[in-house]
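Some structures are shown below for you to check.
Two complexes, one shared chain (chain A), two partners (chain B, chain C).
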Partner chain A sequence: MPNESGSVYGLTILSPIIDDPHARISHDLQLRMHLGALPRGEDSPFAKVSSTHMARLTVMNDVVYVGMPACEEHLQSQYLVFESNFDGDLDTYLRRMATEIPDHVDSVWSHCIGYPGAGDVAAFESYMKKCQLTTTFYFADVNDKTVQQTLRALQTQAAVASFIERNQGKPAAELQNAFTKFLGKLRAAPDPRPGSGKDQSI
Partner chain B sequence: MSKLNETDIQGFVLRGYNFPLARYMFLHLADDDRAGQFLDRLLPSITTGEHWDDGKPDSTVNIAFTHKGLRRLRLPAASLLSFPVEFLEGMQARSAVLGDTGRNAPERWESIWREERVNAWLGVNAMSEQALESCCADMLRIMEETGGASVVGWQDAAALKVDGQLTTKEHFGFTDGFGNPDYLGFERSTQPGQGKLMPDGSWAPLATGELLLGYADEGGELPVAPIPHLLANNGTFMVYRKLHQNVAAFRRYLEEKGRQYVGGKEKLAAKLVGRWRDGTPVELSPDSPDPAIVMDKKRNVNFTFGNDNAGTRCPIGAHVRRTNPRDAFGFEGRLTNRRRITRRGLPYGPYAPEGAEVRDDEERGVAFMVLNANLARQFEFVQQQWIEYGNDSHLGNEKDPLLGNRDEGGSFLIQGTEDPKNPPFLCGALPGFVELRGGDYFFIPGMTALKMMSTGTVDPR
Partner chain C sequence: MTNITGKTYAMNAITPMKPWKTWILRGFFFLLGHIKPLQADLVNLSFIHFARWVVIRRDSFPRLSAAQPAEDLQYDYLLFFSNFNGTWNQYIDAFSAVLGKGLNLVWFWSEKYPGAVPVTPFKQYIARVQFETDFYYTAYPHATTNDVKAAHRVQQALDTLADGSGNTSPAEFEQAYVRFLVSVQRDLGSTGLAPIGV
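Then we have the complex of A and B:
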């Protein structure tokens, strides 16, 4: 099914950027500067919308014809391209964007034509859906696991590796004892934070 | 394809000389016509791939240039700019791609490499001390008389003597020099396992263009090469890396972990590399070394990993499996065919016998060289993706156990089975066994190209 791969949703949005001849700095340039300064990792706005596997915001200037013979053609406008792979359905995700990071969303999309603002959640949802394209390719690393499951799995993998290193070769009873303790600790460990790259040791 | 013109190709490219001694001289070239005069005087001494009907010579001479060196030789700008960008930049500028950071960062390299003063590599291989010294003296005389080049540094290297016997061992104690590709058109007895794997399980030589410029490569294209064609033809690119070996750290690690690992120290060493110290491929003989396999040219490089996906014979992260995965990634090995490299070089520093006192700060390592047609696609890819990273083999960011650039400890998993004699084992707290001390990217021109360079007749139009 387009836009959905297992439990992961692939969202592609193209929003036309405002072309204002009177702007001191054109909107596409303002957007580029704003996007370039956005924090990444745990401080990324999309770490707060915690069902996000991967999100990407870019400015598309134009598409250049590279065939032969040369031919000049242009897009109708410049576009903000937003791609996201996330868990769950589209409505929930858009609502989370509008309610959990409204300031971030506004400061990006306010450069786009016809943007209603995140304050009116229903209008925001319908605007975004109007700008949606069908997605058939997904971020290669996304499988059918949720963000939380993935982060947990990485945490478990690192913890188990370090457990093995500390305990391999021990007599069975001692090993079992250590493993039971380890399991308890692992289960009680807090979920890794969205956007965190480094494994958090147990 | 037609037969190669071996007399137009530098001998070092066509064959590993298997001479016991080498001196790699690093030259700075004069910034005027004298550089070309030096090269012109040198030309008759250069060893080509010609047949040695009258027996082996007692020494050989070969030459290669950095991009800076080619500029000093006054190649036209149109030719200089037509070289691939990674060669143009040089190895230092590629440190982020190569993972040459931290303890391997250029700031820590020897000064001639850090300051990028090397314009040319002049490699002399010799049968004896006397032949080496006399050949090098001839070279120095040509440099002095023409004023076209001076030596800014050199690296002596030599086959290791173990118990008084010349060997092909490297300092960690492994027999080296088995795995190197065969190429189409090379007059060299091909060994099953050295070329590329065919769908029927047989082996065929790799396309010539994976090594030499001017010939079709595995993609059916001519390699990216400088203009004019004659400048590129029969040439190749060389990577030079001075790799220091922490022999004390390696031995200490084997001792310590070898006591915990059921297989013991020697099997542990074998699992790290994918060959036992005598050279037996672990894939063929996982439980013990087997001299009969080592001696047998039909078997000693003839193995695949396709039936060992779990790595319970040769671990998935072992050095030879990483650097030449053969069919490990499926598709009958075709994913590997564009990532093959030809290795050259010799160890430097005296061999420390097992049990002798040894320190990590003693000068000991490999003068390591790689030849390939495309630095980015071949050497750099192997170094970046397969040595310093593990994702292709589903090993996350685990690095090559032998070569990984690390100082805070990495890990290496020996996959195992339920057989109590072959249990899985996790090698943790891996120290950095190998450190980079410098090096650069070089172009090894063919003989026609050298002549054109020396006479200023390279014409890119």
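Then we have the complex of A and C:
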């Protein structure tokens, strides 16, 4: 499947934006203002859909004219671009978007033509699939680890570095004892929160 | 900057292609996808988390209702999305220097593409066809691609040490611990904020 690399799925959505000449503020501008104000860290809506590695939303106003001798042409609609890289299959991901962050999804896609709302999950899935573009070539450098596995590994990496520093030169028995305690604490630590980027001390 | 979250930069670009050329490009991507050694430079660069190219036929832009005017285009379009570490300049420099030949095979079919070398017209072209990101999220903003790979190696080595350390004597544990240290010593850099550049 061209949209997949290993266990990671690359979703590309182009949703046409409503063109309403009577709107006080055009929908593309409303969208840009809304997207610019969305939280990006651990409070981001996509942190709640925790299988998301990376995602972006942006308004594509038009195609680009590259100069003569190319022809100049323009789009009839503006499009909302949604690009996401996530674990698992598309149906599960879209269902999670509709059920776990419905208000955020509605506040973005309500500016788009034909959007049925996240309340009707089946209609939402169908709508998103109508807007989906098939990826021609998809590259994922690490394509066999989930978001949670990666966050855990990053937590482990920081904790191990700290453990090594704290226990340099200790006698073997003391080192072994400290390692056993460290391992128990590391494994009992809560899952790191997606989007936070903070190292949790163990 | 909107294109950057933590250590990762979101790049978007769109270029026009004559429709007959898109089939050649699709053929190249088919080979790239199925012959893994062709991706070696992309993997070895090791600062791209995820990247994709999407060819949109001129009559395939999503149309959701009869009221939405149909697109009337002469060109097909190539969309490029990348999630990479470092600054825009570093990225384009590396693309030009390391992946120049490969990139030429991808963008040669786009109108007015100047080639990846020399780098100045290449940068001017990319700047012209790039459009900005309004919202960007990453689950691990403080980690680069290399950090992620290193962290998984540390995790695997730690799991191996833990599995083998159950009923060992302190002396045996110490030996295993030293072997563990040697195996992970290059992978212990800490993550954190990166300086912002352009």
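Following the convention adopted for this analysis, the second predicted complex is superposed on the first by the 192 of 202 C-alpha atoms of A that agree within 3 Å, B and C clash if a C-alpha of one lies under 4 Å from a C-alpha of the other, contacts with A are read in each partner's own complex, and residues count from 1 in each chain.
The working rule: a residue touches a chain if its C-beta (ideal position, glycine included) is under 8 Å from a C-beta of that chain, and two chains touch if they have at least 3 such contacts.
Predicted, not measured: the structure shown is a model, and the values here were computed from it.
Is A:Phe46 contacted by the first partner chain B, the second partner chain C, both or neither?
In the superposed model, A:Phe46 contacts chain C only, not chain B.
Can A:Pro21 be said to touch chain B (first), chain C (second), both, or neither?
neither
Under the stated touch criterion, which partner chain does A:Ala161 make contact with: chain B (first), chain C (second), both, or neither?
In the superposed model, A:Ala161 contacts both chain B and chain C.
Have a look and say if chain B or chain C is in touch with more residues of chain A.
Here the partner covering more residues of chain A is C.
Let me test your reading of the model: by the given contact rule, A:Phe179 touches which partner, first (chain B), second (chain C), both or neither?
A:Phe179 sits against chain C, while chain B stays out of touch.
Of the partners chain B and chain C, which touch A:Pro190 in the superposed model: first, second, both, neither?
Touch partners of A:Pro190: none, neither chain B nor chain C.
One more residue to check, A:Gly169. First (chain B), second (chain C), both or neither?
So A:Gly169 only meets chain B here.
Considering each complex separately, which residues of chain A are in contact with chain B in the first and with chain C in the second?
In chain A, residues 157, 161, 164 are touched by chain B and also by chain C.
Provide the residue numbers of chain A that touch chain B in the complex, in ascending order.
157, 161-162, 164-165, 168-169
For chain C, which residues are in contact with chain A within the complex?
Residues in contact with chain A: 2, 5-6, 8, 10, 12, 14-16, 25-26, 29, 32-33, 39, 42-43, 46, 48-56, 60-65, 67-75, 77, 79, 81, 83, 110-112, 125, 128-129, 131-143, 145, 147-152, 154-155, 158, 162, 165, 168, 170-171, 173-174, 177, 181, 184, 187-192.
Under the touch definition given earlier, write down the residues of chain A that touch chain C in their complex.
Per the touch definition, chain A meets chain C at residues 2, 8, 10, 12, 14-16, 31-32, 35-36, 38, 40-41, 44, 46-47, 50, 52-61, 63-64, 66-67, 70-71, 73, 75-77, 79, 81, 83, 85, 112-114, 127, 130-131, 133-142, 145, 147, 149-154, 156-158, 160-161, 164, 171-173, 175-176, 179-180, 183, 194-195, 197-199.
In the complex formed with chain A, which residues of chain B make contact?
Residue positions touching the partner: 260, 396, 411, 413, 425-426, 428-429.
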